[in-house]
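Each structure below appears as structure tokens.
Shared between the two complexes below is subunit A, which has subunit B as its partner in the first and subunit C in the second.
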Partner chain A sequence: MTSIMNCLKIELTLMHRSKWFYAVVVLSLVYFGYRAYGEISSNNPGEAINFTSYVVQAGIFLFLICGVLLTRAETNGDAHEIFLTIPHGFRNKIIGKVLYLFLIVLFYCGCSFLLLAIMYQTIDTPAPFYYNAFLYMVLYWILPFTISGVLGIVAGVVFKSKVVYPILIVMGILLGPLNTIVFISLTRTLPPLLGNIMATMNLGQSDPFRAYHIVYGFPIETFRWITKGLVLIISLLLLFLVSSIRIRYRRLYLAHVGVSLSLIAVLTMVWNVFAPHLDELTSKQAIKSDNTYYAAYNQKSIEINESFEVNRYIMDLSIKNQLKNVVTMSIMSSRSSSQLSFALYHNLVVTNVRWNNQELPFHQEGDTFTIRFPETLLPSTPYEVTVTYQGKTPQRFFANEQAVMLPGYLIWYPVPYTQPIAEYVDKRMVRYYSYPFTNKPNYELHYTGPGKLYSNLIEQTDGTWTGTSSSGITLISGAMEKIVVGDVEIIRPYALYRLSNDLTRDITEIEKMNKEISLLMDSVYKPIQKLFLLETRMTTYTLRLEDQLAIMDVNIMNNNDLSLSMNETLIQYLIAGNVRNFDWERQDENMKDLYTYALSYWITQKNKMMDKDKTYLSGHYSHTVKSFYSDYDATFQRLLRFLDENGSDVTVLKPFFRDWLDQLQETIKVNWDYIEQLLLRYERKGSHAGTSNK
Partner chain B sequence: MQELQISSLNMKYGHFQALHDIDLTIQPGIFGLLGPNGAGKSTLMRILTTLHTAHSGSIRYDNINWEHKHAVRKIIGYLPQKFSLYKHIKVKEALSHLATLKGLTENRDELVQKAIAQVNLLDVQDKRIGQLSGGMIRRVGIAQAILGNPRIIIVDEPTAGLDPEERIRLRVILQTLSSSSIVIISSHIVEDIETICEKAAIMYKGKILETGSIEDLKQTANGVIWSIVLEKEQFLTSQDQFKVIHQQTQNGKVKIRVMSHGAPTETALQEEPSLEDAYFHFMQKVER
Partner chain C sequence: MNLKRIIGIAVVGCISLSSIAFGAGSGQASTVSIGYYDTYANGSVVPMYGGPVDVTGYVNPTYSINSCWYEFKKSSGVLIQEVEAAIGFNGTLYTVPSVATADYQLNLNPDGPNWNSVVANGKAQN
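Here is the complex of A and B:
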């Protein structure tokens, strides 16, 4: 031990006397501080280490080189031969170097963390960020840098010539986030097996472009720790092998190194088979994967004719690396049938269906599965069927050991199949559809998974979650917290800690506006009791109003005081949240925009909230009309005039918007001709009303 | 003191036979290994230092067999040919580090001071190694080799690249060490071996050509070494006739030392052979 500590002391003395060491540390800390401050000053503490994927890649290269240089300290002359001829001399030197490497990694990462913590302090960052940033740095800085340094020492021991440097470049690419990027650019696409191996070898983030998801947090799942721990053990084992081979079996040195490397490759492959391989859940690639699926998925091939209801769900839900659910459904059909079709997200694979203590045959295809019953189910008779399924949810809506984001509008448990559950819109977007329950099923959920869980169901004292809902179950767990504002529970990412400085005012105004919109639209008023703020990265109309709950899409940009204060955008979200249904969703986006902009125009003008030139309708949409629908500019101008002239007349505008919305909720596509006809009809009514008023 | 016994030692690099049935008995004192490049000196030295393992044969010292490398490493001190150590570390620190690695934790500072004194480096012990001359660095190498009083000290090409003054100083140091240890020196500089060693072996292409005391080795060339004094012009025209070992200009004339089994000229004088003469004599024989 004394020898090892003395070796460490020598390395530290050498480091202390090297002018380069301090220069590199100071410069890299300055760079880190500069970049982190940029994000932190934008109230974005999670993203403050987003860019560190590049630091990790650079660090991997740097520590690989550092490892080689450590071995070169003796091999530039024949000094290493002296250590080889001292009992345990070479071994102790190597251990001393590994310890030294670990110490400088700790020193550098410690300084960086300290710098980050000081910057966090300046913007009152919530406490969980400190802890999670610490874990992130251990997982993505300390372990990768140590592993790289150890592998650098291995390379330095094995390769004495300058050939080691091109080898280091290859190693650096393979070990860092660059590996996938390089291989994709080389092969155009990455075969799944190779992709998994690359992911296992990658010591940095799977997605170098985005580290922090405000619901998911940093990707610090258990398997990543196991993978990196395993790689560290393998690296140390490799170092032990090459250094002991070097001492004992010099004659067949390269052969032994080859055998050792093969053994390690086998070990890696074995882990590769057993690793859960959670993809980077927060990445653009993850979102793209669903787009690819639904772009190719032919919904039309599936017949939609179900006429049964599920009245009760009893779920035994377990979420670890993937979701597993045993769900018992009480079903009732409205007609005689011997088979029923359910909708279920395609990656959730049904493994077993039981009915009256017998296994039933079933067929799963895409987002549906059909159960064949051994007898005809009678109408209006309750039956119970139990379905077991497991798999991965869409990566956009994750469910694994770290976090859960299963909004009610995602079909993650079986519902009667009456409509597609998701459709491809464009390369940026897949649209997910809520199942329109006509009844209000009872739910009983037994949940095992990451805590703390937030849901629209109510947690009972025995840990069971129960409740009724016509809009499905929403389950959320992750980097979230609950705050209570009046009667409203807000479940928000703690990253949005600066969401508002007067939430009571904002929530009251939202509720007031929600009520007004419901009245104006003649829709059922759904008071918001729970508001879930989630980052789903949906691109349009990011508010869904369900039974007593609202799900609002947010991102880190919402971490400012004005995010929930009433404005025209929020009004539009509330409008869209109120009207959302399957056929509305499928209408032309510009036509939907025209409706929400027109309605929000009326509301803002009626309430004197803003100057009309600054509204979306007259300010923004008029440009859209001029650019894309110039033939209908006159119609658009008529619409504006009509709204201005009848702004104070609810008796005209309320049915006007009601009729317009009814048409938007039909399968027939609304177009400008319809708007013209609608205007024509209501202009007459307006003038009649005006005449009679006079 | 014990003898170092090398028996039937063979070493191959692939198909190349680097050592061929080497048998040597090395007694306490300084023993030299002399031979041209590729003779196998370095291979033998590396086997002695445990850096390489022989394919067959044995090496023993006292009860220690070279198959047990760990035990061997406890009794040897080694100075490689291209010795250098961390340039930013002071002499005292470097030796203290090596002493610790050798397990000399008790009286370490005292032992280091003693080694530094033995190699006359007391004045520069607080200087960084990067600030020392080549000869001084070599002496640091000697100091580290003698730390812990090893019973066998192995020194590879100790004087290569040193100036005459430093060379003489190093020879003196090595001679001092031989009183308590076996010192094995490999060199292609015959003068080093002749000056320092008591015994030596001449190696060629992996074989021992001859081994014995320096005097015995010299005697192998007895009667074949002659000196001739020639005019310069005469030397230039006739030098191809002789196997010249050495030449020296004296008073405008050239005195040459030649190898010949009979008197090469009428004026030639028979000379006492040096180790260099004997070495050339052996090389002549094997190359013939």
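Here is the complex of A and C:
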């Protein structure tokens, strides 16, 4: 022990003499501080550390080199030979160097964390960020740097010549986020097994380009800790083997290769056991997997079934690496039938269907499954059927050991199949459709899963969640918190700590505008009792107004004082939330935009909220028309004139928008010709109204 | 301080202020295009001063054999929004409802790590 400590002291003394060491530490701290401050000053404390996901690659290279240089300290002189003559001298020297390396890693990461904490303190960052940033640093800085340093020492012990440096470059690439990218760049292919090996060896984030997700938080799931811990143990084991072999069997270098390959093979198997999302690791893959699936999915081959409804759900839901649910449904058919079709997201695989204590045959295809009953179900008679299923939800709507984001509009439990649950549209996106419950089913949910759960259901004292809802169940858990403003509960990511400078005022105005829009639309007023702010990264109108519940899409850009203050975008969200139905959703996006922009234009001008030149309609949409609908520019200008001329006449504009909406809520697709006809009809009415007013 | 220097500073100040005001008022656009053999294309970096951003694009169906990601980023590299446009897409990809004052750019990234085979263009209009 004394000789190990002496070795450590010598290394520390040598380090203290080196100006280069301090220069590298200071420069890298300055760089980190500069970049982190940029993010923190933009109110994005998560990204202040998340951005290092790619910079870690540089750290891996640095510590690999550091490891090699440590082993070279003696071999460059004659001290190495002397160490070999001392009993346990070589072994103790290696242990001392590993300890020294670990101290450097701790010193550097400690300084960085301190710097980060000071910067967090300056903007009153919420407390969870400190703890999570610490965990992130341990997982993605301390462990990878230590492993790299140890492997650097291994390389230094094995290779005595300068050939070690090109080997270090290859090792650095293999150990960091660059590995997959470089391999695919060179070969254009990546077989699944090799992909697994690459993912195992990558000590950084799976997706270095992943932006900080304000609901999911940092990717610090248990399986990542297990994998990196195993890699560290294996690296130390490798160092032990290599240093032993080096002394006793100097010529058996081939043994190193054999040992290394065996360890990597073991590691790959371990990874396969623990890694739950291997095929959907990156943000792009998460989006692309559904894009690819629904682009090829043929919905038309499945028969729509509208003959039954579910009145009660009892769920035993367990979420760990994936979702598992045992759901008992109380169903009632409106006509005699011996088979019923349900909708369910395709990656959730039904494993068992039970009815009257017997297993029933079923057929699952894509987003539907059909149960065949042994007898005919009588109309208006309640039946109970239990379905067991498990699998992965879309990564966009994750459900795993770290976080859950299952909004009510995602079909993650069986509902009667009356419409597709999602479609690939416009060559660019998947659109998810809410299921339009005509009844209000009762729900009873027994939940086992991560963290604190937020839902539109009510938690009972025994831990069960119950309630009725016509808009499904929304389940959220992750980097979230609940705040109460008047009668409204807001469930928001704590990353949005600067959401508003006056939430009471903003929520009151949102409710007021919501009411005004529902009056203008003659639609049922849906007061908001719970507002879920979620980052779904969808591309279109992202406010869902459901049964006393609103789900609004947000991102880190919303972490500013004005995010919920009434503006034109919020008005458009509320309009879309009020008018949304299946047929509206399937209309052309630009036609929906035209409607919401036109209506928000009227509302903002009527309420004198903003200059009309700065509205979406006269500003942004005019660009769209010029770029893509230049033939209809005259129609667009007529629409603007019509709105301006009749802005104060509710008797003209209210039915105008109502008629327009009726068409958008039908299966017939609205186009510019329809707008022309509508304008023609109402321009006459407007002029008649004007004449009669005179 | 002599008069010439005062006038000089005043002129420079006015030009700076008016250019900032012009930028804020008129709306900046980051434009980008990508050729068949390019694996990535960076759009022009432009300052944006709040308000919405429309991202539009066109993926040429004749010359493209791959889809293309439209990545709207801060110039510091933080990804704000990304959407994959399939071959033949032409129109508005997405609207970012509101951006904080900073420098932004639209980048094009053919699907797959370091892949190419896309002829496309795009614009992020503030």
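The rule is simple: the second predicted complex is superposed on the first by the 657 of 694 C-alpha atoms of A that agree within 3 Å, B and C clash if a C-alpha of one lies under 4 Å from a C-alpha of the other, contacts with A are read in each partner's own complex, and residues count from 1 in each chain.
As a convention for this text, a residue touches a chain if its C-beta (ideal position, glycine included) is under 8 Å from a C-beta of that chain, and two chains touch if they have at least 3 such contacts.
Because the structure is a prediction, the values reported are computed rather than measured.
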Touched partner set for A:Ser42, first subunit B, second subunit C, both or neither: second
Determine, under the contact definition given at the top, whether A:Ile123 touches first (subunit B), second (subunit C), both, or neither. neither
Per the contact definition in the header, classify A:Asn590: touching subunit B only (first), subunit C only (second), both, or neither. second
Tell me which partner A:His620 touches in the superposition: subunit B (first), subunit C (second), both or neither. second
Which of the two partners, first being subunit B and second being subunit C, lies in contact with A:Leu230: first, second, both, or neither? neither
Between subunit B and subunit C, which makes contact with more of the residues in subunit A? C
Contacts for A:Arg17 in the overlay, against subunit B (first) and subunit C (second): which applies, first, second, both or neither? first
If you stack the two complexes on chain A, which partner ends up touching A:Asn92: first (subunit B), second (subunit C), both, or neither? first
After superposition on the shared chain, which partner residues are touched by A:Leu115: those of subunit B (first), subunit C (second), both, or neither? neither
Which stretch or stretches of subunit A touch subunit C in the complex? 35, 38-39, 42-44, 47, 51, 180-181, 184-185, 188, 209, 211, 283-284, 287-288, 291, 295, 426-429, 537, 539-540, 555, 557-558, 560, 563, 567, 569, 589-590, 593, 616, 619-620, 623-624, 627-628
So in the complex, the part of subunit B that touches subunit A is made up of which residues? 49-53, 69-70, 73-74, 76, 78-86, 88-89, 93, 97-98, 100-103, 105, 144
Residues of subunit C touching subunit A in their complex? 27, 52, 54, 56, 69, 74, 76-100, 102, 111-115, 125
Subunit B-touching residues of subunit A, taken from the complex the two chains share: 2-3, 6-7, 9-10, 13-14, 17-18, 73, 76-79, 81-89, 92-93, 248, 250-251
